[in-house]
Amino acid sequence: MTVILPAILLAAAGLLLLLLRLVNLKRDGVALGVALGGLAAAALALALIRPPAWGLPYFDGTVTLDPAGFFLQFVVFGATALVLLLSWDYIREGGWGMTEYAALLLLATVGMVFLIISTDFLSLYVGLETMALASYVLAGYARGEGRSFEAAMKYFVLGAFSSAVLLYGISLIYGATGTLNLIETARLLPTPPGKLYLAGMVMVACGMLFKVAAVPFHLWTPDVYQGAPTPITAFFSIGPKAAAFAAFLRIFSTAFGTTAREWSILLGLACVLTMVAGNLMAIVQDNVKRMLAYSSIGSAGFVLLGLLAQNTWGATGVLYYLFAYLFAITGAFSVVLFLKTKEYGGERVDDFRGLSRRHPWIAFAMLVFLLSLIGVPGTAGFVGKFFLFGGAIQGGFILPAVIGILMSAVSAWYFFRLVVNMYIAPEEPETERRGWPVVLAVGVCVAGTILFGLWPMAVTRFLLETPLLAR
Amino acid sequence: MTVHALFFYLFAALALLGAVGVVALRQPIQGAVSLLLTLLSVAALFLLRGAEFLAAAQIVIYAGGILAIFLFAIMFVAYREEEKRRRWHPQWPAAVVLGLGLAATLLAFLLRPALGVPAGLGAAQAAAGGNTEALAEVLFRTYLVPFEVISLFLIVAMVGGILMASWGVKR
Amino acid sequence: MITATHYLVLSACLFGIGAVGVMVRKNLITLLLSIELMLNAVNLNLIAFSHQWGDMLGQVFAIFVMAVAAGEAAIGLGIITAIYRNRGTVEADQVRGMEG
Amino acid sequence: MKEYIYLVPLFPLLGFLLIGFTWSRMPRKWVSIIGCTSVGLSTVLGFGAIIDWLLTMGSHHPFVKTLYVWLPLKTAVPLDIPFAFQLDALSALMVAFVTFVGFWIHIYSMGYMAHEEGYNRFFAYLNLFMFAMLTLVLADNFLLMFVGWEGVGLCSYLLIGFYYQEKWPADSGKKAFIVNRIGDFGFLVGIFFIATHFGTLRYEEVFAKLQADPGAYLGVAGIIALCLFVGATGKSAQLPLYVWLPDAMAGPTPVSALIHAATMVTAGVYMVARCNLFFRASPTAMAVVAVVGALTALFAASMGLAQTDIKKVLAYSTISQLGYMFLAAGVGAYAVAMFHVFTHAFFKACLFLGSGSLIHACHTNDIFEMGGLKKVMKTTHWTFLFSTLAIAGIPIWAGFFSKDAILASVFAFAQHHHGWAYLLYGLAAVTAFMTAFYMFRLYFIVFHGEYRGHGHPHESPRSMTLPLQVLGIGSLLVGLVGVPAVISHLFHVPNVIEKFLHPLTPEVEGLAETTFHLSDSMEWILIFGSILIACGGIALAWWLYKADPEWKRIKAFTAAFPRLHKTVFNKYYVDEFYDATAVGGTIKLSKASAAFDQGVIDGTVNGMRHATVGTSLLSGFFDLRVVDGAVNGLAWLNKFCGDLFRRVQTGVVQNYVFVFALGVFLSLGLYLLLK
């Protein structure tokens, strides 16, 4: 029970919000308070779970709390909390009502939690669908904006298609092993792997690659990221992605761990393609949300490197990079939101002109986020990339690692277009003041990026010293 | 050829026919009826594999529930203008080739799976005292947590569906 | 003798037809119907394997798949309604404000 | 006092934070005080720490001050990467001149930037740079060095783009940053190889492992060395990544003096010297370093011959001198390379500051709009002359000793080991001749003859001339710490620097050696030879530019070879080549992949529909609309073209599904083929 207590608390908070909506209590402040309170309670409950409960199978092995799951749950809680803060101005200006919005976010988070802690294909799939379904609605939340609906539609059609592919794959894996449990799967996999397993593995891989937006299953990403409400874009770029990577890691490292030689060909190809295409495509974008979307595609490629590596550094890199990415990408999107004055303000690269003059602190914060995304040492992003690339080289994936390092140099190119605009371009008229929640979110992200860049020890020690995944 | 096999081929053919109908027929409403054919045939196929509960659920949930929503939506939005437009996206020849290719590659993997003699459901069902009981055993014991989560999922679906359907008024 | 392979062949065909439907149909509702075809293919697999292995896992999974299909249909039709009201069309290729 | 070594980089950081985060609200006077004091304090503290360390531990034992554990590499505790600073011979030398020269350049900036907008920003960046540079040199592990390495790159970028109203500086800043990133990429790959093969990144541990069993690491050491060298070529502007440095002159002159002459650009040499054990394990790597160094020296010097922008002349001479340093490192004379880094910092900083003083006075960078300034700017004149004599290699000035040491080392290397290195000696000698020539060309054009500009040039303020005097005297004296062996025997003055840096290059069985001996007579011959070369260059400059006030001779020469002059003046069109290939190529590639995403896939899809008549007809049977269209042939064609054009910019969900399905299909097919 304790293992799923955080999820229960979150679900309770979400349902409470829906209830409030039913009795027509629609105060935005109350909604934000309930949602943040629910998250805080969940985080506390999670933090109180002590190691003896870790790694043991619960509920007939459908869920297991291992260090990776423990860690990533905090990441998604953080993502949801930050996104709630970001949404404050946005949702209020649209007059869209915080209550249902917060409820959907929380329920999506419940889905992510199950995606993260499941050690069974069935519960993993159910978590995935809960998360995805709430995401479709959230993508279309900017009602009245045609492109928001368009984003929801594209996300939905492709999401449903991909989950059909994933399901087909899972059914084949079940056919090959006779179990749905991930840990059992590892035990029951026939050696050498049969055709049934191979087809299943490929289709599961395709489904999961879609969820993390890897090339060539990434086509939805730019459109959805651009069309969705900006806070939700921030949410998509870290929350569901982190949860999907947890499941990815669990399926491929744990369940399919013995056949790494087979799947590393496919994932290696996808990884290299993703890094190259994502980063190159970002160069030609003029819309900041779209640029960040492509850069997040590229980042998924970096994370895949850690998955490929199949060693301690690699797994640590995956988790730490996602952790660092939480601060950097949410921060970057919060700056975009900060600049939103009119319809699509803050979305063009030109909107950043002279930001350092208008809001020196915000410009500095953006610089920190971009440096972290590029992977400049001293920021949390560097530490994550260090383990990812180091792990890949250690694991013998030298060419992908070298391509990754090169692509991370390329990323400086397009990110510095923003920096140039902020620091080196003439100034433009004043923007209006924003509410405190956005500023708070920016502050938290800056603090996190710098703090975990300079003092990564507390986290990395934990990640390196424990066997991350239940086996 | 046993009766069992005869039934299998009959329903398989009907299912495929319905599926082709969904893709090829002009009107969405025709497609929905076509899908009904497939759904019922698949339900029959479930029965042939000893999944009685599933067959019933297929008819109730799918044919009864989901398809009803579809018909509702079709009535609401898409009835009138359909005739004037092309029904297929211009990429259709390539898509058909690809779809056939996909099915063919899948078949290449699936045609000779290393599967032994089927165990049949007899033992499992006998132990629990019937198909539905055996199912409930697994569903409410092993998969209790996902079962609870799926209820959240349905809440999200309900709330989301209502929200989305109530939006979209032109500004 | 009808074996699991028969079911697999049928399900692969259904899956392929469903995929073709998603790729070629412009009407969003028909597109959703095609996705249901793909999910049915999955269920056929699950039932066949359930019979093969002699356990109930596949059948339980199939129930969940049905529930998910129901939820997806609800959301999908909600989205379609919203788009219809917003743009006056339910054709997938008419909805394209963003590209590149 | 050495315990407080961490304060040396910390003071400038504090200065940066203080100035930076009050933005433009702090008055200039306070900014000057904070900016200069912070660096002054680190200078004093740095020297204090070095002296304390020398007295208590001696130069053979490095002193390490660990602040806290930064990053673990393995689960085992001893292999953690600390945030720690290390004081040894090499870092002591670097700290000494970085803080000293840096301090005087800060003082100079007070005068130079007095009338500029963004005074606060400038000092904030300058202090941040000092922090990064000192972190770079004091780091006790590769990762921390990389922190400083990226930090100096960032500051260099910010400072080059300082005049952001103009487009050129902004572009140059970006160029510098990107070229540096390419170099950093090599460095980072090298670091990862070290981490994987040695399991640690601390210098002490890595080099101890390498020394203990060089044979075990021979193969990988060469790869690591080459990766690191890629990083060095980026930061230290060597072939082929030198292109950013001349453009970096768009920044304010004190920046050129500090970052692009005295300190940051020498970081590559420092790094190679630091990692000399890797390089010595691989003769190939050493040869690469030496050849790249020699070629860069010659190439850059030849480009300096025809420049008219005073700062560009100095920029090319910097590249050329850096080439010299790498040449020395490539033949194994690491101490000599560092010696040249040391002397170069003084005379090149002095030259740049002098040029700043000239620009300040004449408001132009063009040397042909100066002239005759000898009389009006006395201090600037004599300090500039001193440093010019130093770089030309005239005895007793600093550059002579270090340059002669390099030439001698190359010669000795050729004599003892590889005959082909005589060729390098030849290149270096030609470069020395060119250097003397173009530097004195500059000197004669600027200070002699008649004033050709407008306005009334005047001597610069005291805050600018004082640093000039200090560095001018420095360029006369600092060479005395490294006198050649023969002179050291003759006058009984020790070669201090060589002794001091001796622990840097331990003799290890199986690795290339680092000290060579020449016979006394040979050494004398080489010394006189290099003096002769320098004098020859000066004489030619004198003959062309001083003895011939109308410059008839040189004009006749350029008229005779117009194409040669044009090619040299345009820097051999290397920038144009890069723009056309590397930069253009990447943009094209990204455009192409964008087009692929949007167009090609969709185009293929549509192509399959439209290209074949058969398919079109088939679709016509099924689709009334197409049949209708086909009847109105022209209308159909029209629509088809528009359709196709529109389709290139997709955004249609079915196309996305198609690509998805294609991905699944290809992945399945891949495994079908593999099995």
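Things worth noting here:
The letters A, B, C and D name the chains in turn, as written, and every chain counts its residues from 1.
One rule holds in what follows: a contact is a pair of C-beta atoms (placed from the backbone, for glycine too) under 8 Å apart; a residue touches a chain by one contact, two chains touch by 3 or more.
Bear in mind that the values here come from a model prediction, so they are computed numbers and not experimental data.
The chain pair with more C-beta contacts between its two chains, of A-C and C-D, is A-C.
A comparison of C-alpha centroids places A closest to the centre of the full protein. Centroid to centroid, with C-alpha atoms defining each point, chain A and chain C lie 26 Å apart. Note: centroid distance chain C to chain D, computed from Cα atoms, is 59 Å. Rounded to whole angstrom units, the spacing between the C-alpha centres of chain B and chain D is 65. We define each chain's centre as the mean of its Cα atoms; on that basis chain B and chain C are separated by 7 Å. In chain B, the residues touching two or more other chains are 85-89, 91-92, 95, 98-99, 102, 106, 109-110, 112-113, 115, 142-143, 146, 150, 153, 156-157, 160, 163-164, 167-170. In chain A, the residues that touch at least two other chains are 122, 126, 129, 133, 136-137, 140, 143-144, 149, 152-153, 157, 161, 165, 172, 175, 195, 198-199, 223. Residue positions of chain C touching 2 or more other chains, listed in rising order: 4, 8, 15, 18-19, 22-24, 26, 32, 48, 52-53, 55, 57, 60, 64, 68, 71-72, 75, 78-80, 82-83, 86, 92-93, 95-100.
The touch graph of the protein chains shown is complete. By the touch criterion given at the top, residues 121-122, 125-126, 129, 133, 136-137, 140, 143-144, 146-147, 149-153, 156-157, 160-161, 163-165, 167-168, 170-172, 174-175, 178-180, 222-223, 226-227, 290 of chain A touch chain C in their complex.
Here chain D touches chain C in the complex through residues 594, 598, 649-654, 657-658, 661, going by the rule given at the top. Residues 2, 4-5, 8, 12, 15-16, 19-20, 22-23, 28, 31-32, 35, 38-39, 42, 45-46, 48-51, 53-54, 57-58, 61-62, 65-66, 69-70, 72-74, 76-78, 81-82, 85-89, 91-92, 95-96, 98-100, 102-103, 106-107, 110-113, 115, 118-124, 134-135, 137-139, 142-143, 146, 150, 153-154, 156-158, 160-165, 167-170 of chain B are the ones touching chain C in the complex.
Taken together, the chain C residues at the contact with chain D in this complex read 19, 22-24, 26, 92-93, 95-100.
Touching chain B in their complex are the following residues of chain C: 1-10, 12-21, 23-27, 29-30, 32-34, 36-37, 40, 43-44, 47-48, 50-57, 59-60, 62-64, 66-75, 77-86, 89-93.
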